[in-house]
Structures are given as structure tokens and as C-alpha cells.
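Paired with chain B in one complex and with chain C in the other, chain A is shared by the two complexes that follow.
Right, the complex of A and B next:
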């Protein structure tokens, strides 16, 4: 009997360690297999040039249009989402702090909203676009992505603001501050380091998502110069180039995947470092 | 001076409130938009036949979503079945057995897994999973398969769901009071018995919710699945058959949907279906989490 118990304990210790190892190995394998496949096609030309004539038959050019487009899109969407999220998060933690039940429902609601898949945002963005008679453009894609990342940003900011003690708020009122001043001068400053993590998180989501911009961004070989122009994005560039039957074009897709993975990796590490800094 | 401060406060309060209301109305707007767009479809197709018919030929005006619903369910269920032992045991190891540095090491790993864009998972699936299923697994079971299959979709989706589910499970185990475990250990139970009889029971609602939310997340996943599942409209007979999922259907056909009558309505109906199902699942499991946190 005791032997059986000991054996069971041993088995599950080993098994659970093994499964954890699998998770790590999967990550290593994903990065390794993409780097191995795409490294040979990765060149300076590829990340510094726009596609030239015959690019999609394996000739000269690069994916700068997609890299730049992705950055424009992610930056614009993050800024827009920030402009909407900041007031919401502050409002929840300053004006609604007395109404805990309402606050709980709003948080619940935002959490649910987080679960809505990006393809649904994409479809919705597309319907709006049709309704207002807009065409595929950087602007339409920005709106769609901003709507998608706003709930994530609000909840992440809200988690930071939640930790600020109520005493700080009371102290600010006692000195004669209005609620707005308390919000933007006291709370905002106090939570700023934490906000950086929230912003990076949302930015990472925005730059990597393809399904939401599939309908709204369009695709072009040029770097967009205004919000009215269509734009290429990295995830879509990878997706479209993979669909090509020409091997060189496919290889470029793998190289583009390295670029995208590298960007996302940097964002993830930066977010983690910022989080550590704040903790200390 | 005082007046202007008051004015600023007043205006900014209104601005904040309107932002909040805007955010709360967003899902309502999404729902209404999709319903309005898919409305023309309902006039000559009853809801039941839309969902349960498997006759899909847009050019003849036949829209049966059953193959796509089945395809989505198959892929997602395979992913969750793989994730159940994998994530649960990994979470147990990290919170109970492993030394503290291990969890510290795993957090960035989970972060990075969660951050990898779904297209990149799709690329990995094409490079690794599809050949693996086509050249190794299928011959082993004596089946012919190109590799682009329900199983490949499920495997890629399982990997994508790991960080999401694992994170929630870690949180569930973190919230279980230490005293509970200590009481069980002092009664002579082994660590594993304590986990099995005390922690798993105590965390059961959290664990179930983690998988429920993981299910809804996997159900809505588009690009990675689209790239490996094969995209053939059929009712899959085995996991080695190619399939087609609901999100993949929407993503693949947006280009031609304006040229065929009612096609755009049908695709928007697909999005609506996805939206409603996922919203429902989310509400149910978030509510269970919320209730279990109160106790």
C-alpha cells in the first residue's frame, strides 16, 4: 500500500516535470524551426527595401512596406486605444470607487469583451467600412485594431490603478484638488510605470494580429503616406507570400516570420523588464 | 480661476464618462451591426436550416453552416483534450513541486508563447505539424492524408492555447490557501495525494473555467488554423480528413463575397454565430470564476 502511494507520487512528479519541459521545448522548437528555415533568405535588402518589379516572382525587393505598415498601424492603434482607455480606467478607479458592485460588473464585462475573437472585430470593422463608404485603408484598420486592443488596455491599466491606496485620493481631495486633477496629476503619475507594461502588451497584440486587418487594411507595395491609403502588414505579408507556389517567395515568408517573431520577442522582453523594474 | 478649474473638472468628467459608455456600447454595436448585415439571409433561410444544413454552395444560394460548425468543434475539442493533461500537470509542477526559480523562469516563456502572433504559429504548423501528420502519423494509422487536416489544426491550436490556459491555472493554484495543503500533509497524505484530493477539488471551478475560456479562445482562432486545416467544405469523417472552420470561412472569402448575392450576409451571419457562442461561453465561465472568488 505504501509502496503504491510512493510510486504514484514519483510517477506524477516525473510526469508533471516532463510536461513542463514539453512546454519549453515547444517554444524552442517553434523559434528554432522558423529561424532555420528563414535565415538564409533574411538579408539587409529584404528589410530595407520596398518590393520591386517582379518581387512576387522571386526577384529584387524587400518587405519594408509591410514592416513600416505594421508599425504605423500598431502605433496609431495603440495611441488611439490609449486616448480612450486612459479616461475609462481613471474614471473607474476615481469616480466609481464608491460603487463597488457597479465596478465589478464593468470589469466582468470588459473581461468578457477580451474574449471576442479578432476575426469578429475584423468583420465588424468591415461592415462599418461598407456602411460609411470607406475603402480599405490604414485608417479603417487602425480603428478596428484600436477597438480590439482597448479592452485589454483598460483592464491592464485598471489592475495597476487598483493597487493605488485610497488614502492618496483622500489626501489629494484634502488639499483641494478636483477629481480631474487627482486623476491626471496624482493617479496618472503614480501609475505611469505600470501603464508602460499595459501599452506594450496592447502594442504586441496589435502588431501581430492578422485576422482583424484582413478585411480592413487592404494591401499595397508602398509605405502608406496617409490614413486614407491602404497598407501592408507583416502578418499579411507572411500569409500572402506563403500562398505563392514559387519557392523563393515562400522562403521570404519564413524570413518575414523571423522579423515578426523578433519584434514580438523584443516587446515581450521589454514588458517583462519594465514589470520587474516596477516591482523593485 | 476657481471657476475655470471647476469647468475643466466638469468637462473632463463628462469626457471620461462618455468614453466609458462608448466602450460598454461597443459589443452592442458589434452585435447590432452583424445582425443587421446578416438579416437579409433570414428572409428566405430559416435559422434551423442555416445551422444544421450541410449544403454549402453560395452561387446557388445554399448556405448550410453545419460543416464549418463541426469543423470548428472538432479542431477545438482536439486542442482542449491535448491541453487538459498537459497544462494541468505543468501548472501543478510549477506551483507545487518545482523550486521557486523554475516558475520565475517559466513566466517569460509563457509570455513569449502568448505573444507569438498566430500567423507565426501557422508557419510553424506548415513547416512541422503538417508534414508530421501527413508523413508520420497518418501512415502509422494506415490512413492516406496530405497532412492538412483536422488533427494538424487541433495540434497547432493546442500549442496556441497552452499559454492562455496555463496562465489561468497558475492563478487558480496560487489562490488556494496554503493551510489547506498543510492540514492534509500533516494528516500523513503525500504531496500528490494532497494535490489530488484537496487542491484539485478546491480549485475545481477555477480549473473548469480555465478550460472553458481556453475553449472559447481556441474556437475564435483564425489564421493559424486556416493555414493548416485544409479548407475543404465537408463533414469530417476522421481526424485525418481536411476540414474548414468558421473563422477560416470568413477570412478566406471576404474577397469574393460582394460578387455573389447574399454571400456577404452569410459570412456576417458566420461572424455573428461565432460572436454569440463565444460571448455566451465567456459569460458563463467568467461568472463561475467570479462566484468562486467570493467564497
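Right, the complex of A and C next:
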């Protein structure tokens, strides 16, 4: 018996360590292959210029249009999704706290929405666009991406709010707070660090997704100046360039992937720093 | 079952005869036929008590007997829990708080609440106390600062935190947090203090500070204190409500109850308890 338990302990420890290692290795491999193939094409010109004539055949220019477009799109969609998600998540955890069974179904629906493939959101956005007679634009893409990331943000915020002990809610009410005051003055503050993670999660999904913007954002060589104009995005820039038979252009796709990864990394580090500064 | 009668024979309580005579005229909390059930389980059965003003009433009984539920009925925190169904009436200063039309936030401001664990609001020490004051409509900074200082002194916390009023309340030790929660509750000038085993998570020294504070406060506030610790009940109680399985088994002045316990279950509790 003791031998069996010892063996069991050993096997599980080895297995856990092994799978952890595999996950880390895969991540390192992905980053390494992007860097290996893209580093040679990464240049100041690439991130500071819009595409010039012949860019897609390996000539001059850069992907500033896609960097700016993706940035605008992800920020706008995250802000819009936040404005929608915050009241929903607070409503669920303050007003609906008494209706636990209803909450279970709401959470289930949100989880289903989370799991819907982004191409479906893209198609949905496209249908709406057609219906309202809009064309491919930054605005249409923002709405689509916001619809896609809102369920993610709501559920992530909801998970944070769920961990707040009921005692804090009782304490707030006992001092004479209304539900709205409890929500926005107490719960919001308590959950703020967790919300930062929720926002990042949604932002990361928004900036990296290609399928939802495929039909809705369009593609252009220029930086959009309004929500009505079409916009290029980094995932599509990577997608289009990877499809090229020219090796130089393919390498540029990997360079664009480095830029995308770097942006997500920067946002994540910045949010953590901000939180730490605030805490002190 | 021994049903309770809200009658205090004043000759049993010589200590504060006058005070309680007044209290009997103006009961601060008057509970009649209160029944609380969750789905099919009855949590509180036919509760009838009057809690007199400016005294400490201890709700005593074993875990799970409904003490906390009764306490939470008093400021309708029961609203937060699904499936709880309340019938009967709870009058506070003559207003029936179970009436859904009543402004419950106003009623809640009449009561300070101390829970088993302290729950400081996610803001600074100063803001924890200022929060409730602002909800009451006090905006003037000088008034707020004055009250913050006064109530922090009242709970013997001022000297420990006066140099870091702006730092987060959640960084205080748990004993300090509980005293802050008491100060926060007192700052809104309640009439009643509801305390749900407020010392159960604290070290003995912090516990003593809270207990001493209660004894000081009893002349100005009505304190309703939940505990299962017999010794604490003896130290604090003016009146004792002994509960068992959702019912009130015995109710009366502390001296009388502890000297001549009548129901068998209370005798048993006092024999094994300490």
C-alpha cells in the first residue's frame, strides 16, 4: 500500500512537471519561430511608414496602417465593451444576488457566447452592416469586436465580483448605502484590480482576432481618420502577407506578429504597473 | 416550550430600574410573531420580544439556532438572501420595517453593524468613516474631519492611525479593522448597534477593547449582541435571550436568567458552557 502510494505520488509529480514543461516549451517555440523569421524584416521603416507602392511585392513601406488600425479598433471596442459590461456585471452581483437560479442561467448564456467562434460574430456584424447599409469601416468593426469581447469581459468581471464576501455588501448596506452606491462606490473599488485583468483579457482577444474583422473592417493602406473609413488590422496584415509566395513578404508577416505580441505585452505590463502605483 | 412574555419585573433589576422603566414605555425594538423560513425549513419560529432602549441584550444559544438570522432581520439584511421568507412584524421606533414601502436605507442608518469578521470598505481609514457621514448628507470637510477624529478616539484607535489616515484600511491588523468598523458604525450616530459575534476572529486584547467599548456605550446606545460564549454573555448582558432551534426558550434580565435558569436546555448549556 505504501509503495503504491509512493509510486502514485511519483508518477503524478513527473506527469505534472512534464506537461508544465510541454506548455512552456510550446510557448517558447512559438515566440522563437516568430522572432527567428521576422527579426530580419523588423525595422524602423516597417513600424513608422504606411505601405508604399509595391510593398506587397517586398518593396518599400511599412505596416503603420495596420498597427494604428488595430490599436484604434481594440481600444474603441474595449472601451465600448467596458461601458456595457460594467453595469451588467454589477447588476448581476448586486441586484440579482437574490435570484441565484436566474444567475446560473445568465452565466450559462454568457459562457455560450464566449464560446461562439469569432467568425460567427464577423458574419453577424456583416449582416447588420448590410441591413443598415453601412460599408466596411472602423465603426462596424468596433461594434463587431465589442459584441465579441463583451461576454468575455462580463464573465471575467462577474468572476471577480463573485469572490467579494457578502459581509462587505452587508457592511455597505448597514451604513445606509443604496444598491447603486454599494455597486459603484464599494464593489467597483474592491474589484478594480481584478477588472484590470478582465479588461486585458478582452483587449488581447480583440486586438488579436482576425475572423471578426475579416468582413467588417475592410483593408486599406491608409490610417483611418474616422469611424466611417475602412481600416487595416494587424491580424489581417499577417494573414494577407503570409499568403504571399514571396519569402520577403512572408517574413514581414512574422515581423508584424512580433509587433502584435509586443503591443499585447506592453499593455499587460503597463496595466500591472498602474495597479501597483495605485496600490501604493 | 416556554413562551416569552415581554415583561420585566423591575424589582429584579435594581441596577437600572429607572432606565428600564423608561425603556418599557418606549421599546426600541418590538418583534411580534416573527417567522422566518427558507423553502420548507423554518429558521425562526414565532419570535416575540421587546428589546429595551440603552442596554445590552445578548442573543445566546448554540451555533445554528437562528441568532444571526434574527439579528439580520432587524435591518433587513435578509433581503440579500434568496428564499428567505419573513412574516410578522418588527417595529423599530414604531415603524414596521418589514413593510416593503418603508425607506430601508434610512432605517439601516439607525443601526451600526459589526460582523464576525471586520469588512473595511476598500478605501482609506479616513474615508471608511467619512463614507457613512457623506451618505447622511454631511459635506463639510471640517465637520467630517472632526467626527473622524472623535470616533477613532472613541474606539481607542486614533493614536495608532493618526499619522496614516490616508492609507488603506485593509492594511490594518484584524483587531484594528474591527475597531475601525465599530467607529464607522458609531459615526453615523445610530440608536442601535447590532453585533454578530464581533470578537470571534479577534485576539484576546482586541476582544477586550470591543467588550469594554460596549460597556461604555450601553448608556447611550441599544446594543444587540449575538454570541455563543457564555462567559462573554455574563460579562456584557443586561438582558439575555436564549435561543434553541429557532425558538426563544428563555428571555429576561441577565441576573435572573443566570442565577436561576429554568428551562432544562439552558441549565444544560450553562453546565457544559464556560
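Methods note: the second predicted complex is superposed on the first by the 242 of 280 C-alpha atoms of A that agree within 3 Å, B and C clash if a C-alpha of one lies under 4 Å from a C-alpha of the other, contacts with A are read in each partner's own complex, and residues count from 1 in each chain.
The rule is short, and it goes like this: contacts are C-beta pairs under 8 Å (C-beta built on N, C-alpha and C of every residue); 3 or more make two chains touch, one makes a residue touch a chain.
This one's a predicted model, so the numbers in the text were calculated from it and none came from an experiment.
Trainee: Give one of first, second, both or neither to describe whether A:198 is in contact with chain B, with chain C, with both, or with none.
Mentor: neither
Trainee: Based on the superposed arrangement, let me know which partner A:116 touches: chain B (first), chain C (second), both, or neither?
Mentor: A:116: touches chain B, not chain C.
Trainee: One more residue to check, A:168. First (chain B), second (chain C), both or neither?
Mentor: second
Trainee: Does chain B (first) or chain C (second) touch A:178, or do both, or does neither?
Mentor: In the superposition, A:178 touches chain B and chain C alike.
Trainee: Once the shared chain is lined up, is A:63 touching chain B (first), chain C (second), both, or neither of them?
Mentor: So A:63 meets neither chain B nor chain C here.
Trainee: Quick check for you: in the superposed arrangement, does A:13 touch first (chain B), second (chain C), both or neither?
Mentor: The first partner, chain B, only.
Trainee: So in the superposed three-chain picture, is A:249 touching just chain B, just chain C, both, or none of them (first/second/both/neither)?
Mentor: It touches nothing on chain B or chain C.
Trainee: Share the list of chain A residues that count as touching for chain B in one structure and for chain C in the other.
Mentor: 178, 181
Trainee: Inside the complex, what are the residues of chain B that reach chain A?
Mentor: Listed in rising order, the residues of chain B that touch chain A are 5-6, 8-9, 12-13, 15-17, 19-20, 22-24, 26-27, 29-30, 33-34, 36-37, 85-86, 89-90, 92-94, 97-98, 102, 106-113, 115-124, 126-128, 159, 162, 166, 190-193, 195, 213, 216-217, 219-223, 227, 247, 250-251, 254, 267-268, 271, 274-275, 278-279, 281-283, 286-287, 290.
Trainee: Within their complex, state which residues of chain C touch chain A.
Mentor: Residues 72, 75, 77, 79-82, 105-106, 108-109, 111-113, 115-117, 119, 121-123, 131-132, 135-136, 168, 181, 184-185, 188, 194 of chain C touch chain A in their complex.
Trainee: Using the touch definition from the top, list the residues of chain A that touch chain C in their complex.
Mentor: These residues of chain A touch chain C: 97-101, 165-178, 181, 185-186, 189-190, 192, 279.
Trainee: Please give the residue numbers of chain A that touch chain B in the complex, ascending.
Mentor: Going through chain A, the ones touching chain B are 5-6, 8-9, 12-13, 15-17, 19-20, 22-24, 26-27, 29-30, 33-34, 37, 84, 87-88, 90-92, 95, 104, 106, 108-113, 115-124, 126-128, 131, 147, 150-151, 154, 178-181, 183-184, 204, 207-211, 214-215, 235, 238-239, 242, 253-254, 257, 260-261, 264-265, 267-269, 271-272.
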